[in-house]
Amino acid sequence: MFPNKKVQTLIGQKIQVEMKGEKNILEGTLISADDYLNLHLIDTTEISNGERLRSLGSVVLRGNNIILLNPVKEQLS
Amino acid sequence: MFPNKKVQTLIGQKIQVEMKGEKNILEGTLISADDYLNLHLIDTTEISNGERLRSLGSVVLRGNNIILLNPVKEQLS
Amino acid sequence: MFPNKKVQTLIGQKIQVEMKGEKNILEGTLISADDYLNLHLIDTTEISNGERLRSLGSVVLRGNNIILLNPVKEQLS
Amino acid sequence: MFPNKKVQTLIGQKIQVEMKGEKNILEGTLISADDYLNLHLIDTTEISNGERLRSLGSVVLRGNNIILLNPVKEQLS
Amino acid sequence: MFPNKKVQTLIGQKIQVEMKGEKNILEGTLISADDYLNLHLIDTTEISNGERLRSLGSVVLRGNNIILLNPVKEQLS
Amino acid sequence: MFPNKKVQTLIGQKIQVEMKGEKNILEGTLISADDYLNLHLIDTTEISNGERLRSLGSVVLRGNNIILLNPVKEQLS
């Protein structure tokens, strides 16, 4: 399964995303993703060292500025 | 709805945009957007910690340098 | 009108451009632009806080490194 | 063998990846890669000077933000 | 004339190039350029404040990391 | 000869590569390159001021993060 298909399997789940221009991690529920990894998240919050900093609500992230993303659950295992 | 379609639904609304080369957030009314997330905003202002810094008027933003964008209203909810 | 068409309407006008690798703003007359927002400017100068720093003459700017551009006139309104 | 084919040969192996927005190296087992070098890794950990810092589990990395990647074994030879 | 065609007219001339990852300007004779603004320069030197720092000889520059380029002559006018 | 063809002529030679996310230069033998300038190098070492810092062995470099590359020999001339 290619990486963009892996991302499709995460729709509806909470994910964490590290962006190029952000010191903090974004956490939100993945609503949609396209092949460029552009993402639409809702209930998005900025997180720093496990602490919630800022609530951003519904955001669109530009795929080419994503460093990495991972599902919140799998991160715990 | 793919992320670029989500952005289309924001046309006519006030949005906030975080750019890669900008410390401050840009806020303006979205006039148009293409599939690369290139954006045309009017009544654009730079904002830092909720304070308006600089009025930029009509601006074109290059999509690949967008980190994230969100509608101003949804951010309040 | 899509953002790249908006840029086409600025040909012949003085514009300001913020580039990813530049602390200062570039101001010049827009001679041509393509769909990637690659730009050819003439009479280009670097500007910092309204002061002209360096005259660069005729320059080609790579579109993907543009953060934002705006017409000089509209900025005043 | 083109570079993207070289990456395909690393599937199932432990690799190290240096990302643009990461001070630390990521090490994980390569599950899949596409032609843009988007990668899906599992058992991913952040490494700094040979020390494991953080366990990230299953991650998707955006190809255009990869600086370099290499197989862990070949690095020892 | 589109920006990439403007660059074609500079083949054989000395140009200066500002790169995203370089503090210093590169100056060399333009041998070839493609539509992505990938450039092949010869007799390339790094320049800082008009002083020659390092001779790099024949170099290939990746177009997407070019901030701006301009002909050396036009810069003087 | 377009820049990507110039790079093809360097296959089998030692080259130096400056990457966007690397303070140090990478030096290695070029095994393959594609049109995006993705590179496969072997016997790669990190170099700082002419000193070898770290041996990386076989590495794949993502083309869009290359600032410049040049052949080691030509650099001496």
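Labels A, B, C, D, E and F are assigned to the chains in the order they are written; within every chain, residues are numbered from 1.
Throughout what follows, a contact is a pair of C-beta atoms (placed from the backbone, for glycine too) under 8 Å apart; a residue touches a chain by one contact, two chains touch by 3 or more.
It should be emphasised that the depicted structure is a prediction, and the values quoted were computed from it without experimental measurement.
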Quiz item: Which whole number of Å gives the spacing of the CA centres of chain C and chain E?
Solution: 19
Quiz prompt | Intercentroid distance (Cα basis), chain F paired with chain A, Å | solution = 33
Self-check item: Touching two or more other chains - residue numbers and ranges from chain F
Solution: 19-20, 64-65
Practice problem: Using the contact definition from the top, classify how the chains connect: line, ring, star, complete or other. | Solution: ring
Quiz item: How does the ring run, chain by chain, when chain A comes first and chain B comes next?
Solution: A, B, C, E, F, D
Quiz prompt | Complex interface listing, chain E residues touching chain C | solution = 1-4, 6-7, 18-20, 37, 63-71, 74-77
Practice problem: Mind listing the chain C positions that touch chain E in their complex? | Solution: 19-22, 26, 31-34, 38-40, 44, 55-62, 64-65
